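Going in written order, the chains are labelled A, B, C and D, and every chain counts its residues from 1.
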Amino acid sequence: MVLCVRARAKYELESASYLWLMVEPAMQGAAHRVAQASVVTNPTVASEYRQDLYGNTVRLFVLPQGQFTFEFNAQVQVEPNTGVPPGAFEHSPQELPTDASIYTLPSRYCQSDLLARMAIDEFGGLPPGGGRVRAIAAWVRQHVEYRYGTTDAMTSAYDTATERIGVCRDFAHLVIAFYRGLGIPARYISGYALGLEPPDFHGYAQVYLGCAWHNLDATCADERPALIPIAEGRDAADVAVATLWCRSNMVEQSVEVWCNT
Amino acid sequence: MVLCVRARAKYELESASYLWLMVEPAMQGAAHRVAQASVVTNPTVASEYRQDLYGNTVRLFVLPQGQFTFEFNAQVQVEPNTGVPPGAFEHSPQELPTDASIYTLPSRYCQSDLLARMAIDEFGGLPPGGGRVRAIAAWVRQHVEYRYGTTDAMTSAYDTATERIGVCRDFAHLVIAFYRGLGIPARYISGYALGLEPPDFHGYAQVYLGCAWHNLDATCADERPALIPIAEGRDAADVAVATLWCRSNMVEQSVEVWCNT
Amino acid sequence: MVLCVRARAKYELESASYLWLMVEPAMQGAAHRVAQASVVTNPTVASEYRQDLYGNTVRLFVLPQGQFTFEFNAQVQVEPNTGVPPGAFEHSPQELPTDASIYTLPSRYCQSDLLARMAIDEFGGLPPGGGRVRAIAAWVRQHVEYRYGTTDAMTSAYDTATERIGVCRDFAHLVIAFYRGLGIPARYISGYALGLEPPDFHGYAQVYLGCAWHNLDATCADERPALIPIAEGRDAADVAVATLWCRSNMVEQSVEVWCNT
Amino acid sequence: MVLCVRARAKYELESASYLWLMVEPAMQGAAHRVAQASVVTNPTVASEYRQDLYGNTVRLFVLPQGQFTFEFNAQVQVEPNTGVPPGAFEHSPQELPTDASIYTLPSRYCQSDLLARMAIDEFGGLPPGGGRVRAIAAWVRQHVEYRYGTTDAMTSAYDTATERIGVCRDFAHLVIAFYRGLGIPARYISGYALGLEPPDFHGYAQVYLGCAWHNLDATCADERPALIPIAEGRDAADVAVATLWCRSNMVEQSVEVWCNT
């Protein structure tokens, strides 16, 4: 399937500043390939790339004071999203590769140390494996209400476990914290999804089972038909779409994803 | 039934200070009558009484620097504890008397505003009344592990909802927060109980159903055979056994409750 | 000085429900007297009054499903607000009257137990009394930014101590928590104020010094010229303007206060 | 200077389990070189090594149920600890290398997003550079009391900012959160220190200034004479001395560091 992606934003900067932008998927991922892509900015400014510790590509800008807009366009070839196989097995700690081990530890928004007892209490009795992982996502979908505008950048899994309301980011943080609480590596993915209502940047989880990473989007019962990852990290703190080093105001932002057929 | 109660403590005060002590049950309560009681202190110091806003009696001391010990002894006639009648009805907000209304509001350790959605999600579907109130206590007993020494004076219902471990005080705070989240008046009682293991001061809840307050001790499945209230309040912050206004050290403390037969 | 007060709100109720309304000042207070007052509602519904534990008057309604509006109008004779006398003395715990003692304890939004060490660290070295109380308010005004729309009904003094941004309610909660952390009785007042920009319901503190309660509005360096208290309590949880027992939506709300000269 | 290090611990495992152990410094670091080292365990069990995402070496064990003890001994050649040069400059975000950038982001125990306003309020007016970094450590040392046994594994910088008491780990988390709140890369180091009283594993910070990482130990006014790093990470969650995957009990633990002269 070929998807078209367009992401736009306009910022008002109170002073000259730096911008880190993470809206561009890797050219080649496990389940996607970028056919063509472009970033246009106004004013036109030079940019350079850098890789972060997780292997994500960040685009760096030096911006003047005033308005700044960017528009990212891409055509991406995507394989259908398959979700977590119910039979995929959980690993013992000893078997985990290095880049999965790190994702068993607590992080800013996924305080798995605080949530481990709840995870064990609620899900410790289920048979390990993909079935349990899916059951946990179903639990979150059933017990947490999805409602736009109810949470903010400070809301964490610890809050959502009790407050039971939030958006995609909160759903992802909560399942990730539960998985880590059970020793299952889980990471946060920022990306694009087909069929979001309203359209926006998306956040979902990936879990490491059966020697592979699998997509887990706790916000929908069926699998999203297609997911395109932009960046991965321990939680949303690692994969912010835009980081600015000055007082600024986001005037507008829009994301569109559609099927090119 | 006639119970004997003995409570002792020794403090080391770094300077002269005030002490508020709340270890003495009211002479006459809804389900108890104090036959005889005495407080002995060393050094011997004068004290006076005062009533707080909730009608509890507080004993006030002015203490010199150094060691201070008190010993409280009492014989108390107690009616058997009957627990919450499964058929007792919940009141509409309009029917609540003033001194019950206040106990529907959030407090320091019972943040019912934060826990209301969880309460509604978990228990909103149960038929209102005493049966629901008991089911909530059973849920807490099943999902929270009782373990001495795991929590401290800063632990609140919001923590226990997720961390799922604690002592009597934490069990009481959590059920109180759930009840208030459903609009049911619930208050915290500090008191003495027969059969605690290890013996200690006790904390439990009371709920207002069917025009009366009922004991609810979430730490045991069967009813405690006998409970003697010392003081009531919105949560443990209101009914501290001892409050000192100086740096001090509690050297020892013991509580004994036995049946005088 | 004679002030005119008008408060209006419109709610959309998803079902029939109860409403507790606290917008009416006591007819006679320490520094005000209500000359005339009226509450008009649409639809017209009967109401009754009740006193809460703190002596506040609450108006109770039973409302049908659908839209509900109220408009409160009053003329109030007010004495000029004088603020905290720098020379007013702090009391020892033993001297405090019952209805002041309760206001030394922690509450839902004023976790003075958690903030006591910070209070002592920052202000413990200042000479006790009204001067210290004013210095603490000045510290909060200097270190916390006043900005509309940055906090919500869950924000507490514990958050504001670190996050350093908020509105009148947050300013009041933080000074109250600091005062209690130093053993100074402090309570939360909801009320009306002349000269708020934008006009709104107001929240401020009162402290007990020199055998009297004094107004302390941490949001302005000079004293507010006039303050009219509606209700007092341990924090904002006790004095909500309107409490509804159903899913509802506040469609609009406005407050006007002007000088009748 | 040559230091001898001995670290011992005994665990009681309720079942067979995995152990990740991080007590061994890298053979060669920026300011140390390990002359000889050994790990002895009882029972004797095989182990293997793995590198984590930050480049730390973790030793992995599969342990039987029952008691397990390890003893680590090493002789380490250490350069004197020099601390942060007052004149070292802060970098712009654009200049930061990848492995420093990650350390500007919030993490589990260093919620720099929540603490940024406090950091800017308290320290934003100081001239950037090593002098400011040292002033922040001095502020923490002055405002936070060092006291053993007051905090636990759940205490974070957000707590310490207000509660103002803790141990080395808490001091490190708080300065790290402040540095990140100002855009200065800061990471957490677990290690050994000469002269700790009582002796224990140590935790301190490193900051990235003037193209280099510098030690910053907020628990002492003078520089520690010698610091030996074991592992680095975003906070203490990344560098736990021992991680066990079963219910277990630490029976004893001791650390000794002495000068071999």
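Just so it is clear, a contact is a pair of C-beta atoms (placed from the backbone, for glycine too) under 8 Å apart; a residue touches a chain by one contact, two chains touch by 3 or more.
Since the model is a prediction, treat every value here as computed from it, not as a measurement.
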Exercise for the section: Indicate whether more than half of the residue numbers at the subunit B-subunit C interface occur in both copies; give same if so and different if not. Expected result: same
Handout entry: Of all other chains, the one whose Cα centre sits farthest from subunit D
Key = C
Practice task
Could you put a whole-Å number on the gap between the CA centroids of subunit A and subunit C?
Solution key: 42
Practice task
Calculate how many whole Å lie between the centre of subunit B and the centre of subunit C, each centre taken as the average of the chain's C-alpha atoms.
Solution key: 29
Fill in the blank from the handout: Per the C-alpha centroid definition, the whole-Å distance linking subunit C and subunit D comes out as 45
Handout entry: Shared-contact residues (touching 2 or more other chains) in subunit B
Key = 114
Exercise for the section: Could you classify the connectivity of these chains, where an edge means two chains touch, as line, ring, star, complete or other? Expected result: ring
Handout entry: Touching residues on subunit D, where the partner in the complex is subunit A
Key = 18, 20, 50-54, 60, 62, 92-94, 98-99, 101-102, 105-108, 111, 113-114, 153-154, 183, 234, 237-238, 245
Exercise for the section: Please name which positions on subunit C make contact with subunit D in the complex. Expected result: 114-115, 117-118, 121, 143, 145, 158, 161-165
